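First chain A sits with chain B, and in the next complex the same chain sits with chain C.
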Partner chain A sequence: MISIVSSATETSMSIKPARPHKAIRKKRLSRQRRMEELSAYAFLLPALLLILAFMIYPMGDSFYLSFTKYNFVYDKAPHFVGLQTYLAVLQDGPFLTALKNTAYFAAVFFPFLIILSLGVALLLNLPLRGITFVRTSVFLPVIVSLALTGVIFQGMILSGRFGLLNHILGNVLGLKSWTHNWLGDTRTAMPAIIAISLWKYIGFEALIFLAGLQAIPETLYDAAKIDGADSWQQLIHVTLPNLRESFALVGIWGIIQSVKVFEQPFIMTQGGPANSTLTLYYYTWINAFDFFKMGAASASAYLIAFLIMIFSLLNMYLTRSERV
Partner chain B sequence: MTTQLTRREFLRLASIAAGAATLAACAPAIQPTAAPAATTAPAAAGAAELKGTLRVSAQSWIIKKWPVEDVAKKFEAAHPGVTVEVSPAPSKGEGETYLVQWSQGRTNVDVALGGSKSDVAAYVGKDLLVEFGPGFFTGDFARDKFINAFLSDGVYAGNKQFAVPLLGEVMYTTVRKDWYKEAGLLDANGKPIPPKDWNEWKEYAKKLTVPDKRNGLDISWGTNFMWQQYITGLALTKGSPFEKEGSTAPDFSSPEAEALLQFWQDIVKDGYTPTGTFTDQNAGRNDFKAGLVASLVTAHSRWPEAAQVVGEDKVTAMPILSQGRTLAYSHLVYIPKVSPVSDLAKAFIKEQIFSGYGQQWSANNFGKLPTLARNYTGLTAPEYQDILKAAAGAIHEPGYRDQAQLNKALQVELEKCINGSQTPKETLANLRKTASKLDLSLV
Partner chain C sequence: MTTKRGPARLFKWTSRIVLYGAAALVSLAFLAPFIWVLFVSFKSNAEIFQVPITIFPHHIVLDQYDHVMRQMSEFAIYFLNSTIVSVVSLGAVLLLSSLAGYAFGTMAFRGNKFMLGLVLVVLTIPYAVYLIPVFILENHLNLVDTRLGLILPYTALNLPLAIFIMRGTFRNIPHELEDAAQIDGASRLGTWYRVMLPIAAPGVAATGIFTYVMVWSEFMFSRALMLSKNAYTLPVGITFLQSEAQSWNFGILAAAIVLTLLPVLIVFLLLQRFLVKGIMEGALKG
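What follows is the complex of A and B.
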């Protein structure tokens, strides 16, 4: 404060009025910055309120519910039981079946998703004629809604009696013994759902890989060629190490899709036959909206979130350690 | 002259506007009941006094198979002061919109059409429905004017009527007459002869099966029918779905229960019956219409539906077994307590839902049974009389508090049994174990 006043006095007599001006400008600047900060918060406010109302509050509320016993239809209010809800869910037979089924889905879906989408991306990166059309075709399943995908595959492609797949196998290829009720058999229902999920999601993952591939400088390949690297060596020593960022992104997205599988069994099999396609998300949905057991549903939802977090952290750790 | 806002004023205004917009966005999407400005006279009063807006919702299949929109127009024409709005309702499995809405004291519907006894039980359990008291059942709508098998589906614990029947269904067999004739399974009058027991059904299924071409028998085992199939099977062979006389617990231990499961397992193992309905609820009716199965055990109304596609002379209906009781059930109509026009809703139900026009139209076009005895006049197909007789002696679906959990367990265990991965004995033991953990008191 003192310095500003003295500067102002000096200014009136001095030939070089730089210092007092600087102080005033500084004051103005800090005021302007405050106003800018305030306006930033004002613009953020609607989004923050929405996040608070539709994400933070429901998350907090369901976290509380996960420690209660609460049937939405028959109980007047949630009854706090602590960790008992979690213990009951972890000991529930259908939850363990759902956990096993989800693990099976993830164990097959995730590696296939990564390998196939990388393969497709490498193919799409080739300078071939008509590649734009192929790229569009590969991406097309991504924009088809998952519900519609389920209806089409259940009724038109995989149906035991009227399905296109059985028609091709039996009537076109003459492989009558290969025809099957794909979704109605406990042995083939989950593999069928995995195959459909791959068809649906590969396009998106391939796009991320493709963006990564196109960001690799051509000079790296030129240098590798000069050093005598063949195509395979270029892939291993140039392409893959430079796709680390893409792998991290694709990995997290793939993990989430692997664990939160819901629409496919909901539409195509209703979790059957004999719970063979019951997944963790579907288990949660059934508890909440069929059985109205909101405490158990919230607990299982938090268990799923915990699983996703663990796998995501693992993925981040692996990709990070490679970068070092 | 223009007035310029200072930055501070602008920020203040922007914050208020953003806050208001957010609060508006947080407001319920479905507006509360205040909208219909309801002024209604009791149903018993003169028709001319009725006024207001009535919001009717119906599950989408009902809008197709019952003339809801027509009767809405008729009601408006009969009461110039009334406006009726018809909208599709969420189907089972689409989330419990009504449960949430009505619990919060809001509604966008005054009369809801559709839902079985166990579907409606959740609303009854939460005390969300208007009771149809003795005052409703008078004159032309006295209890004895109804088909009791359907009316009693809307009765819940405490002998209270919380729903009334829109239409009725009876568990029956739809059969291909021409193939039954080839197999020598028609009587002298050309009517199919119902089998006496499960063993005879196995013989029927064998005779009617043509390998690689068609199956002799299909049973609706989808999630929408497994519970009904199970209790129908028990009612047919032992007269009741309950453990013992005087009990309301489901039977998972009798020799009849084991025989039923053994029959189901055998017909699948021997290739007489497909299991497509496990994952596609419509597989049985589609297979029948496509000529891929000779008999279909499900709701009786699949018979006229199939006749429209296959040909009336080729399709008929027959009891599942020649003796024993089958299951009759209704699709119900109910009024939420939060509706401000419940009297108008009751008047609509009496005048239009129970009208000969609506009930006969649905019966003639889709085989859905009228729920009032007088509406059977004019239904000429001889099958109706047999079906009505079966309905009169039928059992009703018990509605348990944990019905949804029981249904789910039943679906899983019976699918395992039918597929042959566990024996009927093991299946029943598993069901007993699950049932012991559930609240099976009646709603």
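What follows is the complex of A and C.
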């Protein structure tokens, strides 16, 4: 296996302006340096205060809540019960259904996302006329809110009688028997949500891949051509090995989107039919804002965070650089 | 962005046709839902409910838009809420992130790495973790159903990524410029505002469009924290419009969707290059 890995991209990434004056300043704790520190803290303060109040503090608070029993409506204060909250959540029937559904979503969505995004990026990287237009159209769904995406697809595309999809299937392609109540059937509701999520997210991932593709120096392809590699071999031995960084980024983002599936089922199916699209994130929401069980909801929110962390670490490990 | 790349030169004429076909299909697949909504929004009710349904509108009518804008007072309220919340959050994010990004990118201070690490860690945590305590907090502070109750968390949630982009932007500005200004006796704040910020404009633009797209489309916080109809933002409000429209009027729904999309679409098309550049450079820098 020959893989030509570019070193040019990596060195260009670590270029930052040299700041020799700082190295000198660092050595003596002068008045000037203390002044600089004070002004740095002043610049940071407003941003950090907001992050502290609305992210760091909530992170700690929900961690504490995840070990308590706390009904926001009935209880005066959270009641500490330790790991019991987690144990109760892990044994809750709907939680297990949600876990299974989320696993199903992720197992189908993630590989499709990676492969299709790479395919689109390879297409966008070709010197075709009007390819910028294609890039814009692929990216367009990324700027549309998930809520609106749900409304568009449920109301306009997938609905039974007046949806576009059934119209095309039945009246244009003549496949009357294929027309279907896509979101109302336990077998097709989740696949429909997966397809919609792909439509929404491919543009973003393709752009990351495209950046990686454009950073591969052309000399590598020239070298491969001299060695007689055809375009397929170039893809396997030059393009893919040089996309390691892109795979790492696309992977982590894809993992996050695979696990936190919320708006799509919330808006389009309300978790149904028969709980077939109840996801972990939606389960957490229902606990928190329908039942006001803030302890249980915090516990399942942390379980989601934990899942994302595990898979992100796995992703980091799989896309790690072989060389130090 | 269409640079001539090595493998592309190999393709011959026939494969070029196939590739153009593929490009057209891909483009259509991603655009079709938008085009369809646009078509429906220009049809009359009679045409929408015609069987079999038509793809192109036979007669372009503006009734649906007229209805949304004149008769649906709630749509105007949602639109106003979304606009105020977005504009204020956006302004706050841009101001605070360019201040913080400047400090992270150009100044030496103790705790630099720790604070930056903190900012990056919160980026990967799912929003649900923050939302539950924020909901409890805002209930105690009576911020539920107020615009400030959305502006504060929206600003905070978008700061980490914004700070990260701005930090990268300021780091890449040659420090000679900054040093020269300081020798001339400008204060830190003066240097930031008069010398550095104008050079950092593309980074500010990228941060701005990212933040605007995020805030304009945010659903979960808005759904949890805004409980009365008068406080809904567009992403939440439109889901309620949908459940009302479902049974009787697709045209109005389509027009409402188009109007909801329009601001973000305009901003995107105008500033697209900054967004694309931001993502692509961010992707390269890791």
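We adopt the following convention: the second predicted complex is superposed on the first by the 291 of 324 C-alpha atoms of A that agree within 3 Å, B and C clash if a C-alpha of one lies under 4 Å from a C-alpha of the other, contacts with A are read in each partner's own complex, and residues count from 1 in each chain.
Just so we're on the same page, contacts are C-beta pairs under 8 Å (C-beta built on N, C-alpha and C of every residue); 3 or more make two chains touch, one makes a residue touch a chain.
No experiment lies behind these values; they were computed from the predicted model shown.
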item: Winner by number of chain A residues touched, once chain B and chain C are compared; value: C
item: Partner chain(s) touched by A:289 [first = chain B, second = chain C, both, neither]; value: both
item: Chain B versus chain C as contact partner of A:157, first or second or both or neither; value: second
item: Partner chain(s) touched by A:37 [first = chain B, second = chain C, both, neither]; value: second
item: First (chain B), second (chain C), both or neither touched by A:186; value: first
item: Contacts of A:46 with chain B and chain C, given as first, second, both or neither; value: both
item: Partner chain(s) touched by A:273 [first = chain B, second = chain C, both, neither]; value: first
item: First (chain B), second (chain C), both or neither touched by A:141; value: second
item: Touching partner for A:227 - first (chain B), second (chain C), both, neither; value: neither
item: Overlap of the chain B and chain C footprints on chain A, listed as residue numbers; value: 39, 43, 46, 50, 53, 72, 154-155, 159, 162, 289
item: List of chain A residues in touch with chain C within their complex; value: 9, 12-13, 16-17, 19, 21-22, 25-26, 33, 36-37, 39-41, 43-44, 46-48, 50-51, 53-59, 61-62, 65, 72, 120, 123, 125-128, 130-148, 150-157, 159, 162, 164, 167, 170-171, 199, 202-204, 207-208, 210-215, 218, 220-222, 225, 230-231, 234-235, 239, 245-246, 248-249, 252, 256, 259-260, 262-263, 267, 281, 284-285, 288-289, 294, 297-298, 301-302, 304-305, 308-309, 312
item: Chain A-facing residues of chain C, complex; value: 1-8, 10-11, 16, 19-20, 22-24, 26-27, 29-34, 36-37, 40, 48-49, 52-53, 55, 96-97, 99-100, 102-104, 107-110, 112, 115, 118-119, 122, 124-137, 139, 152-153, 155-157, 159-160, 163, 171-175, 179, 188-189, 192, 213, 216-220, 224, 235-236, 238-239, 242, 245-246, 250, 253-254, 257, 260-261, 264-265, 268-269, 272, 276, 279-281, 283-286
item: Contact set on chain B toward chain A in their complex; value: 7-8, 11, 14-15, 18-19, 21-22, 25-26, 95-96, 99, 122, 125-126, 212, 223, 274-276, 278-280, 283, 286-287, 290, 292, 401-402, 404-405, 408, 411-413, 415-416, 419, 421
item: Contact set on chain A toward chain B in their complex; value: 35, 38-39, 42-43, 45-46, 49-50, 53, 72-74, 94, 154-155, 159-162, 176, 181, 183-186, 189, 268-270, 272-275, 286, 289-292
